[in-house]
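Here subunit A shows up in two complexes: once beside subunit B, once beside subunit C.
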Partner chain A sequence: MKKKEALWFYMLVFPWVFGFIVLTLGPMLYSFFLSLTNWDLFTPPQFIGWDNYARLFTEDKIFWKTVFNTLYYAFISVPLGMLFSLFITYFLNRPIKGSAIYRTLYYIPATVPGVASALLFKWLLAPDAGMINRFLAIFGMDGPAWLLEPDWVKPALILMSLWTVGANITLLMAGMKSIPTEFYEAAELDGASPIAQYYQITLPLLTPVIFFNLINGLIGALQVFTQIYIMTGTGGANMGGPNNASMMIVPYLFNNGFRFYKMGYASAIAWILFVLVMVLTLLVFRSSSAWVYYESEVRKS
Partner chain B sequence: MNKMGRIEKFFTYLILTGLGVLLAAPFMYMISMSLASDATSAKLTFTFIPGEFHFENFVRVFTSNLNFGRFLINSLILVFFSMAGQVLVSSLVAYAFARLRAPGKEIIFIILLSTMMIPTEVTLIPQFVLFTKLDWINTLLPLIVPNFFGGAYNIFLLRQFITRIPVELDEAAQIDGLNFFGIYVYIILPLIRPALVAVAIFTFVWNWGAFFGPLIYVNDVSKMPLALGVQILSATNSAGQVPPWNLVMVGALVLTVPMILVYFFGQRFMDQLSLSGGSAGIK
Partner chain C sequence: MKLSKLFAVLVVLSMLLAACGQAAPTTVVEEPAATDAPAAEVPAATDAPVTEPVTLTLSFWGSDLDTQVYQQRVNMFMEKNPDIKVELLYIPSDYSQKVQTMIAGGTAPDVIQLSEDVHSYSSKGQVISLNDFVANDSLDLKTRYGETGGLTTAYSLDGNLYAMPDRGGALILYYNKDMFDAAGVSYPTKDWTWVEFLDATQKLTIRDGDTVTQYGFAAGGWWPWWMSFIYMNGGAVLDASGQPVVNSPEAVEAIQFYNDLVYKYQVAPSPEDYANLGTNSPDPLFAQGKVAMSTTGFWGIGGLKDATFNWDIAPLFKNKQNATVVFGSGLAISKDCKNPEAAWKLIEFLTSEEGQAPIVDFKQDAPANIANLSGDAFLNQSWSSKPINMSALGDSANAAFALPLSPKWNEMMSVFDTNLGEVFANRAEVQPTMDAIQEQLVELFAQ
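Right after this comes the complex of A and B.
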């Protein structure tokens, strides 16, 4: 009977295991091998040892710029989006009428697919005719050329990322709902103001949700691609401009692999990205014991 | 919760409405642009409140030679088969992890969980080589077939749900002569229906707007899903040329509306899910 059960287990998990070997494990090993070669997809790969990595770290100035740009984008857009969504949820969680309407209003932008929002914002951020600069002009401000200026293209992309905070808000609201009302009733008896209640009760109990959002947001931001492809070039050609000010890791990988057919070089970039994602995720995890509060947890001293 | 003073009330509504309008504005603009005439579109003189109502734009994209009907059918094929694959296979694998005992199960499960952290770029180039060798370029197969091996996140989610079902149900069914596959079909599947809907929704959302995969695997315009097709429409050949923004925004809207519908339709199931599924339901 036990043997039969085990047999059933292996049979039922087989599709996943097969997929794992053929689409994940095998490709990972192969891409690591490729990262040690020079390969144009058509002639056999040439083994060159760590040369690709050496070139990326010491010679390729554009690569360093893409790493800087990617970290700049991730480290500003993710925390800023978090603050913005916490700010909104504070008010959404007050006893107001029509909170369902507000929540819908805030969530709809998060449902817009990346391609659609990138096309929309490419237009909204246009120098003269775009909505954002026309809005600024009402207040007498002369808006920058956003996507066309090296100093403004990253702020423009960060601004756009704030548009989709609705997903964060939904999770934070769900987290808030699960906080027992007795906490607030007790705080009210003690005379705590709404703001004090927010800082002393709501925020600490939301830290697990904030943590989850932070990890997800960070991993997503490090792999940003669609916006760069659509907004900073014409149909994907010369993306990452102006002057590589918005070139990020994945677009750079795409260019090397699928435009210049430098498959070995692109694989090396992919592995550096992999390590970067792992290290940063691990750091956030490590930091979590200092600021994430789990109600039922017995802390390790 | 506590009552608000008048001033506080005023500022709460002011901030919520102000930010709401700000966040809704781009979406309003999208609608307004989609209804603009070709002349307005060429001159870039769009207005925030729609000044013209050229609803025929929504018909034109399908009847002209823009391939929109084709894009839409491709997207529907992609999404339908991806959902079918994920729902069927992920639930089957999840059932095995939740219920069946076998040596090595824990290790396989840990490997499954750890694959969730691997960025897709690491496997991208070898997968591209593999699908090229299989002659799957310019088909939707590289985008559909991987779903038939199950997804780690979905398997994990469904496993959490199945473990909440009392094992006594399985045992009773076993006594009645059902084998493990029968238990999965007749006992487990009906009880995890809300979670299956959730998996279907995640898969829809993930594949409907997918851009990177189609960009790499599909070059032939007639094979493209909508997300890629709309982007192609916006790309102009020369730098000075203005894309047909009104039609591009029609495309963006056609791409967006199903997502909004799925959100409203899905919310009911999501509520059910977070009530019955605990923290695993949060996503």
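Right after this comes the complex of A and C.
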């Protein structure tokens, strides 16, 4: 019996393991080799040791700007998006008339292709003619030029990221539905207020979903590309403007690899990004024992 | 069980690593072989053309119209050369990435359409020098492309020509005749200096309170727009030896004037104005009748077919000298091409007067061959109910400056875009910005 089960296990994981080794691990290891070379896509790669890394860490000012921009974007957009989605989920889960319609409406943006929503937001964020600044003008506020100003381009991108929290909401809703109603009934008998119920029951039991959203959101935000590519050009083909204020790690990698023919250098950037993602994900994982609760778990307090 | 699986995984992994390890050495070995191969195979190919037809691939970008025209031209070639078969490889998007991938994968197209990034390929030995072919055919490039040689200078590196100019056409001035008539301004000519140009833009700009309802001129951050002003003023991006000279007084003065049109004289839209108008480009603004003058290439004509106003084109004006950008694309031969002789035969035909004719007949583009560019078929092209001054394109040919195409063109443009973007947004002064660009370019070229 046990042997048969084991066989099934290997058979079922085989496609993934095979795909991972052939399609992911192989290219990954090769890219590490490339990161130690000066490969220009055409001529054979020449081994140059750690030169690419040394250059990135000591000479390349734009690279550090992209690291800062990416962390700025990730550290604000991810927590903000999580708060926002928790807030909306709470109301969508109330027994209001037509809640199904609202749920659909909140999910639709998540299904719109990234390029389309990027173009849409480019118009919404236009300095005077854009709907966002026109809305602010109603309250007598003179909105910034958003994508055209170095100080405002990142907030603009963060604002846009809030539009696609639909996927998070779906997961949170599922999590909320799975909380047994007995908990709330018991709490109600004990006289707990709705607010206390939310903080004592709903939120703790949602932490596994929040944890998942956090990790996924963090990885996604660190790899942001489409919005930058579509929205931050300065009239030419360049992206990441103005003055590299919205240049992030992946667009910079793309520029170096495919526009400047520096594949080795781009590979080194990819590996630094990989390490950055790993470290941040590990930190979140490490912290999870302090704040993520599983229903079946029994804890000493 | 566990151990055996682990073993299997390790085997797969080591195989993979071996494959990766092999990849690099084989390309190294292929390198000298590839340069020997054509020499060895060419005589074979010419010896036995009848028995085994040669197949060539030609990669190009563009639209359905472009596909149609290339097909027509290639068919003409194949009719004359039954022993050579040409297959078109249409790459509608991400052209350079795809061509690079094909080259890296050893399946490079034989003939490659290239434009400003030609030296990214030539400097890395991916396309071959055409000098010997040109010499063998005793082809006079001046007869083919005009006195300045058209784009042949730009497409050459260290004395070697790497691409034959195929499609061309200069940056030309489009103007709205109705607006000129209403403002009582005489039509632009190539003898206008910046003084007359500025005077005209001021008369042609109409304001409603603070808002501009009609701009005298419109340009922006795209390199041909500002670069032509630098050359008009006697400046340059790179000097004759290929070194950057971006912060010369001429260049600084030119960018200052260019930016003053937007912020000092307020006769041209700023980046913010563009964002509000929902576009990055002056072309749609001109077509909508919001702009009196704009500069763009030949392709702007097609967009004005249905314009309800009267318009025409003229060669670009001047300051210290006439200067304009010649756009276009050329045809190059891949180093992996097995029949460079046949490929050259194809390129020679496509750039000849006969081979260029469909470009004109289909109204696809401006032809690079000067005979076609100044031929009646092109000059009498009808685009609207009224005749258009098609000779503006041919007249511009002599004012074309040699584009500062370098192997690091894309990186160079990135430096310009990043820094000039701040000037064009009115957040930075011209002189320190041009000094910064100069410094960054010197550093870039030293790498």
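The rule is short, and it goes like this: the second predicted complex is superposed on the first by the 272 of 301 C-alpha atoms of A that agree within 3 Å, B and C clash if a C-alpha of one lies under 4 Å from a C-alpha of the other, contacts with A are read in each partner's own complex, and residues count from 1 in each chain.
Note that a contact is a pair of C-beta atoms (placed from the backbone, for glycine too) under 8 Å apart; a residue touches a chain by one contact, two chains touch by 3 or more.
Because the structure is a prediction, the values reported are computed rather than measured.
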item: Which of subunit B and subunit C A:Trp16 touches, first, second, both or neither; value: first
item: In the superposition, subunit B vs subunit C on subunit A residues touched; value: B
item: Which superposed partner A:Ala145 touches (first subunit B, second subunit C, both, neither); value: second
item: Partner chain(s) touched by A:Glu188 [first = subunit B, second = subunit C, both, neither]; value: first
item: Contacts of A:Ile230 with subunit B and subunit C, given as first, second, both or neither; value: first
item: Which of subunit B and subunit C A:Phe285 touches, first, second, both or neither; value: neither
item: First, second, both or neither for A:Phe260, with subunit B first and subunit C second; value: second
item: Which superposed partner A:Phe57 touches (first subunit B, second subunit C, both, neither); value: neither
item: Partner chain in contact with A:Gly241 - subunit B first, subunit C second, else both or neither; value: second
item: First (subunit B), second (subunit C), both or neither touched by A:Pro44; value: second
item: Footprint overlap on subunit A, comparing subunit B with subunit C; value: 6, 10, 17-18, 22, 26, 30, 41, 122-123, 126, 129, 234-236, 258
item: Touch list for subunit B against partner subunit A, complex; value: 1-4, 8, 12-13, 15-16, 19-20, 23-27, 29-30, 33, 44-46, 48, 89, 92-93, 95-97, 100-103, 105, 108, 111-112, 115, 117-130, 146, 148-150, 155, 179-181, 184, 208-209, 211-212, 215-216, 227-228, 230-232, 234-236, 239, 245, 248-249, 251-253, 255-256, 259-260, 262-263, 274, 282
item: Interface residues, subunit A side, partner subunit C - complex; value: 3, 6, 10, 17-18, 21-22, 25-26, 29-30, 33, 40-45, 122-123, 126-130, 145, 147-148, 150, 233-238, 241-244, 255, 258-261
item: Subunit C residues touching subunit A - in the complex, by the definition given at the top; value: 1, 5, 9, 12-13, 16-17, 19-20, 23-24, 27-28, 31, 96-97, 100, 103-104, 120-121, 124-126, 220-223, 271-272, 274-278, 280-281, 408, 410-411, 413-414, 417-419, 421-422, 424-425, 427
item: Residues of subunit A defined as touching subunit B within the complex; value: 2, 5-6, 8-10, 12-13, 15-20, 22-24, 26-28, 30-31, 34, 41, 88, 91-92, 94-96, 102, 105-109, 111-117, 119-124, 126, 129, 131, 163, 166, 171, 174-175, 181, 184, 188, 194, 209, 212, 219, 222-223, 225-226, 229-230, 234-236, 250, 253, 257-258, 263, 266-267, 270-271, 273-274, 277-278, 281
